Amino acid sequence: MIVVMKVGTPEAEINRLGSELKELGLTPEKIVGAHKVVIGLVGDTATFNIELIQEMSPWIENVLRVEKPFKRVSLEYRHGQYSEVVVPTPNGDVTFGPNHPVVVVAGPCSVENEEMIVETALRVKAAGAKFLRGGAYKPRTSPYAFQGHGESALELLAAAREASGLGIITEVMDTADVEKIAEVADVLQIGARNMQNFALLKKVGAQNKPVLLKRGMAATIDDWLMAAEYILAEGNSQVILCERGIRTFDSKYTRNVLDLSVIPVLRSLTHLPMMIDPSHGTGKSEFVLSLAKGAIAIGTDSLMIEVHPNPKKALSDGPQSLTPDAFDQVMQELAEVEKLTGRGQKELATV
Amino acid sequence: MIVVMKVGTPEAEINRLGSELKELGLTPEKIVGAHKVVIGLVGDTATFNIELIQEMSPWIENVLRVEKPFKRVSLEYRHGQYSEVVVPTPNGDVTFGPNHPVVVVAGPCSVENEEMIVETALRVKAAGAKFLRGGAYKPRTSPYAFQGHGESALELLAAAREASGLGIITEVMDTADVEKIAEVADVLQIGARNMQNFALLKKVGAQNKPVLLKRGMAATIDDWLMAAEYILAEGNSQVILCERGIRTFDSKYTRNVLDLSVIPVLRSLTHLPMMIDPSHGTGKSEFVLSLAKGAIAIGTDSLMIEVHPNPKKALSDGPQSLTPDAFDQVMQELAEVEKLTGRGQKELATV
Amino acid sequence: MIVVMKVGTPEAEINRLGSELKELGLTPEKIVGAHKVVIGLVGDTATFNIELIQEMSPWIENVLRVEKPFKRVSLEYRHGQYSEVVVPTPNGDVTFGPNHPVVVVAGPCSVENEEMIVETALRVKAAGAKFLRGGAYKPRTSPYAFQGHGESALELLAAAREASGLGIITEVMDTADVEKIAEVADVLQIGARNMQNFALLKKVGAQNKPVLLKRGMAATIDDWLMAAEYILAEGNSQVILCERGIRTFDSKYTRNVLDLSVIPVLRSLTHLPMMIDPSHGTGKSEFVLSLAKGAIAIGTDSLMIEVHPNPKKALSDGPQSLTPDAFDQVMQELAEVEKLTGRGQKELATV
Amino acid sequence: MIVVMKVGTPEAEINRLGSELKELGLTPEKIVGAHKVVIGLVGDTATFNIELIQEMSPWIENVLRVEKPFKRVSLEYRHGQYSEVVVPTPNGDVTFGPNHPVVVVAGPCSVENEEMIVETALRVKAAGAKFLRGGAYKPRTSPYAFQGHGESALELLAAAREASGLGIITEVMDTADVEKIAEVADVLQIGARNMQNFALLKKVGAQNKPVLLKRGMAATIDDWLMAAEYILAEGNSQVILCERGIRTFDSKYTRNVLDLSVIPVLRSLTHLPMMIDPSHGTGKSEFVLSLAKGAIAIGTDSLMIEVHPNPKKALSDGPQSLTPDAFDQVMQELAEVEKLTGRGQKELATV
């Protein structure tokens, strides 16, 4: 860390502060500039809180962090080696990681009834998806909107899992529900609105289940990685990071702005695998295919795509969901892009 | 609601959609424009979900809400009459509302030990605060930062309450802790990061305790009011809305941007009382006084101000907290501004 | 347009407003809802100003635009047919458009001296670029930063054009410089900071030169298309839209957020061709290749990539620029992605 | 400046970089940390470009600025003394500065005809305004919206000046118009969209006229002060900074978010006087009074308020403008708030 002192700080105060910093086990090194004095802190400052330092003296103008604020999620923590998240499913182990095929997670926003969820599972499996997504508990902006069927939907997900052999990814919204959901789900999802629900992060960190951590809609990369750090700090290192669009000044033509630059950014900062959700990212089904292609070309490890059978309203594809037929087509086109990346071949080789 | 159809929508589809809308109890009225057809929906659409309508036809270009999405929190729901939140404290009832004196809540970020919290309570009470704030459970970006003393801090808050007679406001972060905290707290605080933790909103909505609902850092006014609507929908209408700064493109000189325009905006939309938190809003103690003055001049019902005794480091005022001495001064200057608003006088009259 | 009236608007006022709207040549249609009255305006409202309508009555709550605010840039204006921008260069015509190969524009941020700009031009041409970019006039946040060599740099660009046969793209910042720059440049660039410099837009709209219009850093899609509409309204329809990253709440790891969703969004709204600038979009040369791949996979018509020879400092690649060697490699990898899109083949066919 | 080197930078490279930095006249001081080496740069780095340093070595991870990037606008440049902008008007000199009464600028968005502008001038003067605002050249998002009457409106402003004795503030949008406008205007306004139109900033910097510099809608405080620095660097130090609302994720109930925290922030950074524009900041006339009160209580030096006579449509107050009658009322209430600040008394003393 670098401590920048205000112009005119008395030397006695700089010395006092230096002594106090030494008590914390840090070695302060003073640089006397033309206008200002700056103190470099040598030592293990990664887990020090900036505010803690800042409160030490009213003469401190600014504290700049040179080390990254996260530790266990950092690429350096694994000496530059990427980690893999291996998830056992009825159809076999599925691996999320940069040296494995792109994993596609597909399914409806929420579980409506057994027929629809089993049918969707079979269709997306046939198209090549490895996981079924589907909400039992749904975060909704309005208390009057459908909140998910809850516990009974978990049984339907279990039925779909059995029928299709797909792994199940579903959202947890309350610490009280984690164990119950973990009985059915193969991956626990933390939604964007709960990304900094620290009680929930600690709870899933204490489970022996992989966690899909969605980025909050105004979360910086650091916020997001620190949220993952909560889970790893509790002992669970099976975390997949999922970008689902951020909130900006424009939401007229897309619900959010899908930040695809996170793919190389995360790759340079963390060993954890990542996922892109173009369905929530754009909120429009007609933009899903092109952005999914882009995400694969850029290097994502996995994708989450909303698919809804909507049998009764054959004309409709909804604002965000694809029909199973459209999804078939999407998967074929994505396979072409994936070939380019060299990922597809590797799986063939190991089969 | 207004349903805008795409250019070239077949008339048969418009008629089909009209029939389906009638099944929902709505009366569709068709306007045939130069290029487009628009359908006005007459009926109680406030609690209808926009997505639900949008999914009815692939020919729908857009659904525009004309009614507000919230109901119980709206000013219309109380026929234009503002509500008051009356909180019993050892020192007597304190009322939050537009026709009552500005209520000041003060105290440290987190409860450190009995001496500091009791001393702070006595000092802020002497200066005119009606509530003590202090975190027992702290939401922290980093898992390595101090997370609050938890349950043991609740006892210290109880001691400070007894010693000072102040009401206690403290944060709840987990549904599992709500009852325990409600035993000590006079007001339950939902923090910015949990504003859309819907499980938690429902839980506090089921308590018989006032709730302080902080605005999420990227929450729109509608998101925020819908979060309050969750609490009211569960039966608890004692909600105070607290602005604490939003996240924008600039955080160099202030941690957040304190959005003081919410004061007249909320007043025009909701009957609920409101609070402004300039300490979190700016993140700098030297900006607290001027923005607190502004908040009162604009019309806030209450203020939350961070105060920390910091006896050992007398030189320091920390980046965000005021010392008790500085707080004394702030309260005197705020009283001058409050006189202007005509609020102060009213209390004198009733004493 | 849809005019939403406030609750309780007197019927006389609605009738008065209706008459006034008829005077403007519009046909008002009234929908009486449960709580509100809404007036649909039938007629050519695309070029009507929302404020104009709003000021007609204090009883108007809101005016919602159903038609798009732009006209000449819209896809409908050309009946769904995409336009092409054909630019004559010494090496032959180069076409920007969805049915043509991806056009790559490359070069340094600013023109430093003849040797460097000619060398860069030859290198990027050899790698496959069709245009040389290079700033003669540079918009810089600081008045103390290098502002470009101005007029003398235009001669160097002319020399590079002659030596390489590449077309030249350079920025105009002042109406007074437009003619002078247009003598040398094949495409006039409007930078992000001048996207709403309407005097400049009108001036380039009156030239017979293609214009590259960069998106402002906080410009909505509508703002951007309206800026293009200014150019088309003056008679110049040769406009290319360039996304270069938007400003959000996070700029720690990338300078801006490159919004790749604009590719399908623009394709659905406008007939104009588009360009993506991953160098400014990320501000980091190491992220350029992956995001450029993504942009091609998603469907961009062209790319702008910063390349700097930096001969003296062989170790350095600068924060945002690629070396010519790195650019060679990038172009080879991009060609692979382009093959997927089917664009590459078409040019081969026409050669 | 602080240069942070990447983990594993060879010592030879650090030494090479050190030598190169010395050639620039800087004194590098090396701090060897646990993981990283950091180089503190001692010398006059305020006007150094961060990119220039960053490009010196590929081993540089980050360059952090410790000094502020601006110089002439900084409070330190005047040794902590605030500057005043004194504007001669027919009615006498008007002074903008922290020790002078709050100056109110009022008038319509654009000059429509002689009668309306003269009438407005007389009304706002009677209410206490010192300047008339009114657009001759209007920046409009749409090329089809009214663009102002241009040169002929300048004559009408001159007529209003003569009739009322008020100073005139009007916007310049093109370098070609500056001299012409400067003949009539007492203060030249640079609008939000042109805040980084550097050619225009240089041009007004070369005039002997005060400049009102509006904050760009996504401009950071540093961007804004650097834009002012352009004007001062050209020799014109009569600059007033005007906040008019920033663009955020929410624009439903207010057009922009008026950032009132800039008042104490600017006061801590710059000697220049400031203005707040609640009319553009909120876009709603009903919110103008309360936010104007807040701005004065927080400490603004001046206010800009939209007033429109709108005689033909007596019922209308427009979305953003006040009627002259409403403005009378506003001015009376603002005078009450100003008394609190102690500013009002001072003028009385000097009369």
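Going by the order they are written in, the chains are A, B, C and D; count residues from 1 in each one.
Note that in this section a contact is a pair of C-beta atoms (placed from the backbone, for glycine too) under 8 Å apart; a residue touches a chain by one contact, two chains touch by 3 or more.
Quick caveat: nothing in here was measured; it's all calculated off a predicted structure.
**Q** Farthest from chain A by Cα centre, which chain is it? Let me know.
**A** Between chain A and the rest, the longest centre separation is with D.
**Q** Which pair wins on C-beta contacts, A-D or C-D?
**A** C-D
**Q** Take the average of all CA coordinates in chain A, do the same for chain D, and state the distance between these two points in whole angstrom.
**A** 40
**Q** List the centre-to-centre spacing of chain C and chain D in whole Å, with centres computed as mean CA coordinates.
**A** Centre-to-centre distance between chain C and chain D: 28 Å.
**Q** Which residues does chain D have that touch at least 2 chains other than itself?
**A** Each of 218, 222, 247-249 in chain D touches at least two other chains.
**Q** Provide the residue numbers of chain B that touch chain D in the complex, in ascending order.
**A** So the residues of chain B in touch with chain D come to 218, 220-222, 246, 248-250, 252-254, 257-261, 263-265, 268-269, 281-282, 286-287, 290-291, 293-299, 336-337, 340.
**Q** So in the complex, the part of chain C that touches chain B is made up of which residues?
**A** On the chain C side, the touching residues are 2, 4, 7, 29, 31-36, 38, 40-44, 62, 64, 66-67, 76, 218, 247-249, 251.
**Q** Sort out for me which residues of chain B touch chain A in the complex.
**A** Spelled out, the residues of chain B in touch with chain A are 13, 47, 49, 51, 54-59, 69-71, 139-147, 173-177, 193-194, 196-200, 217-218, 222-223, 226, 229-230, 233-234, 247, 310, 313, 315-320.
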